[in-house]
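What follows are several structures.
You will see two complexes here that share chain A, one where it goes with chain B and one where it goes with chain C.
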Partner chain A sequence: MTAVAVAGVGIHPFGRFDATVTEMGGHAVKAALTEAGIRNGGFQAAFCGAAYAGVAAGHKVLGALGLTGMPILDVEAGCASGAAALLLGAQAIWAGQYDTVLAYGIEKMPKGIIRSSFFEPWREEAGLAATPSYFALRAQRLMRESGVTKQHLAEVVVKNRANGAHNPDAMFRKPVTAEDVLASRVVCEPLHLWMLCSPNEGAAAVVLRRADLAGPGAVRLTGIALRSHLPGAVLGEATPMAGLVDDDFPSPTALAATDAYEQAGVAPADLDVVECQDTDAARELLSYEELGLCPRGDAAKLFDEGATQMGGRVPVNPSGGLLSKGEPLGASALGQVVELVRQLRGDAGPRQVDGPRVALAHVVGRGANAAVSILAR
Partner chain B sequence: MPAVEGWFAMAGEPQLLGTRCTSCGTFFFPPSDGFCRNPECQGTEFEPAPLSRRGTVWSYTDNRYQPPPPYMSPDPFEPYTIAAVELAGEGLVVLGQMVAGELVAIGDEVEVVLDTLFEDDSNEYVMWKWKKVGA
Partner chain C sequence: MPVHEGLVHEGLVDDGRLVGGHCRSCQRPHFPELSTCPYCSSDEVERRLLSDTGVLWGWTAVTAAPPGYRGEVPFGFGVVELPEGLRIITRLTEADPAALRFGQPMRLAIVPLHVDDGGAGVTTYAFEPADER
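Let's look at the complex of A and B:
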């Protein structure tokens, strides 16, 4: 099987802008194509991740750039939409179908709680469908099972916001203290406002190419997997909240990680840097366990050791994470990949991790869908 | 009147009304029909299944902000607690609001009650809620 390399990356900053989702997508795509040194005809297929951008949103982006004609697939997989686009692109190259493909993700979301057609109307009417409360139910379990305290949750925000202060593409670039975080209002126990990421706007793009056609030393995509929940995890009323230490079912994240590690031929101990889904502060800590960065139940211990801080054994979310960048659903996974490619190239400026060789990106969202991508140089 | 028709008993003791697959015995709430979601089962027939009135709190949180419509908010909005309750007999986890003013913790025993979800000019709409046993 031919290897897949990253030929170019591009990003439109994440935040709030006076620009259409099409314009933001065009910005990111143009930057990625320029870096890859290609234009029309230079890629044979395009895969666009988006959840809230409307019909054929990916087509509109390439239409605005005059770059249509090839197959364009619009892909929706909740918070994993961008990763699903990347997966399809990588699989097409692995299958020998194309030499070069474009994966991009776009989103422009309103402020506040995300409404989702995923929920039946009765659940919304009864006040049982607000996304932050699902995060909070899971966070309460994590606190019970893994020694996680509210202070840990605040310190995760402090870590990520400190990292994000060095990221010009992030929405929030002001460092915060744990006191600040705990002084922000409680949205739903145990989560305070600043422990939750903001749905926002942005775009990111990645050009994938057969590794033998990419330049020497190009970053490679060595593994990528997308998994959904196992049926038992959502029988009856139980919602897709699997992945907890007292749960017999492996979570979508754990399933995707296992697949991606096997494809890439690496183990969690080989990782030098990770970008993970910190939709809320507890979600990041849960990911440590699900991705195998530590044994189950040890998330707080790993964090307390400083392993996931800049300069630690495996820095997590050097970009600032979603807590700093915000989460434009279709773009967030590819935004992680853009960050990790820059980290692996040594181009991450003041937030550069020391000499990384293996990197992992993780997203998880409604469905439940989880995706894990592994990059290496 | 019930906020959702047919999912809980309106007469006698408060009780959630689920369904049970006649082939494999799996319980469902909200009541399921059509296909059984047990992947090992080809069943398509379900019988009514009144569910355990009590359970233990698996997790909980509180909503301190007003969810967007179509949430039927009382006016003014009142924060409310949500509990995910593991039913004693069936092991199903069922979400619901706690009755107003009750604090709760993981592992607490709770029972199902019917309580007002919201009122409009002509009706009071009731929904199942959880209440601490002995509270």
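Let's look at the complex of A and C:
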């Protein structure tokens, strides 16, 4: 099987803008194509991740750039939509179908709590569809089972916002203190407003190419997996109405990570840098355990050791994470890939991790959809 | 009237109990009632009324009205563990997180949600602390 390399990346900053989702997508796609040195005809298929952008949103982006004619697949997989687009692109190259493909993700979210057609209207009416309330229950269980305190939740925000201060593509670029975080209003105990990421707008794009056609030293996509949930857990991104009294169901994130590690031939100990889904501060800590960065129950310990800080053993969210960037659903996964490609190339400027060789990107959300991508140089 | 049909049993006996399902193939309970087992895909499922008491497994309070919600805030929200081995997502009658504790005995209650545009009261199931009265 031929290897897959990243030939170019591009991003439209994440935040709030006057631009349309089509314009933001075009900005990111143009940047990625320019980096890859290709124009019209330079890629044979395109895969666009989006959840709220409407019918054939990916077609509109490429149509506005005069880049149509090839198959364009619009892909929805909740918070993992961009990763699903990347997966399809990689698979097409691995299958030998194409030499070069474009994966991009776009979104322009409404403000406030994400309204999701995933929930039946009665469930919204009954108050059983408030997304942060599910995050809060998960945070509370993590506090009970993994030694996590409210102070840890605040410190995760402090870490990511400090990293995000160096990221010109992030929405929030002002460092915060734990006191600031704990002074923000309680949305759902134990989660305060600043512990939750903001749905917002943005776009990101990645050009994939057969590694033997890419330049020497190009970053490679060595593993990518998308998994759904196994039934049984009451908490988790599938958000069922009930679950079983059993705490041993593997999470969709753990399933995707296992697949991706096997594909890439690496173990968690090999990772030099990680971008993970910090929808809320507790979600980042839970991801440490689900991705195998530490044993189950040790999230607080790993954080206390400083392992996930810049300069630590495995810095997590050097971009600032979703807590700094915000979360444009279709674009967030590819935004992580853009960051990690820059990190692996040594192009991350003031937020550069020291000499990374293996990197992991993780998203998880509604569906459930969990995706893990592994990049290496 | 209930916020959604089929969640709560209406009858002379066992009125107000939650309606779940039990799989004869894998012997596991589910809620709400489904025609196919959500764990093993068997169609050998039968209706079971669920226990109306349990213990508190997790809780929070929703402080701002989420999209599509017309009732009062804050309101309690959590997970109650039932003796048949099921954890249920539910509203809680207690909206102060500090007033609740892990393992607290809880009891099913039917509570008002809001009054709809036609003037009808809409109700839903919830759990309330069972050790306070």
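Definition applied: the second predicted complex is superposed on the first by the 363 of 377 C-alpha atoms of A that agree within 3 Å, B and C clash if a C-alpha of one lies under 4 Å from a C-alpha of the other, contacts with A are read in each partner's own complex, and residues count from 1 in each chain.
Convention: a residue touches a chain if its C-beta (ideal position, glycine included) is under 8 Å from a C-beta of that chain, and two chains touch if they have at least 3 such contacts.
For clarity, every value in this text was computed on a predicted model and none was experimentally measured.
Of the two partner chains placed around the shared chain by superposition, neither chain B nor chain C is touched by A:212. Looking at the shared chain after the overlay, A:18 reaches neither chain B nor chain C. By the touch criterion defined above, A:179 reaches neither chain B nor chain C. Applying the stated contact rule after C-alpha superposition, one finds that A:188 touches each of chain B and chain C. Using the contact criterion defined above for the overlaid structures, shared-chain residue A:140 touches chain B and also reaches chain C. Shared contact residues on chain A (touching chain B in one structure, chain C in the other): 112-113, 115, 121-122, 124-130, 132-133, 136-137, 140-141, 144, 185-191, 231, 234-235, 239. Contacts from chain A toward chain C in the complex involve residues 112-113, 115, 119-133, 136-137, 140-141, 144, 185-191, 231-232, 234-235, 239-245. Across the interface of their complex, chain A is touched by residues 3-4, 18, 26-30, 37-39, 58-65, 67-68, 70-73, 80, 82, 84, 90, 92-97, 106, 117, 127 of chain B.
The residues of chain A lying in touch with chain B in their complex are 112-113, 115, 121-122, 124-130, 132-133, 136-141, 144, 185-191, 231, 234-239. For chain C in complex with chain A, the touching residues are 3-4, 20, 28-32, 38-39, 57-64, 66-71, 75, 77-79, 81, 85-91, 97, 102, 113-114, 122, 124.
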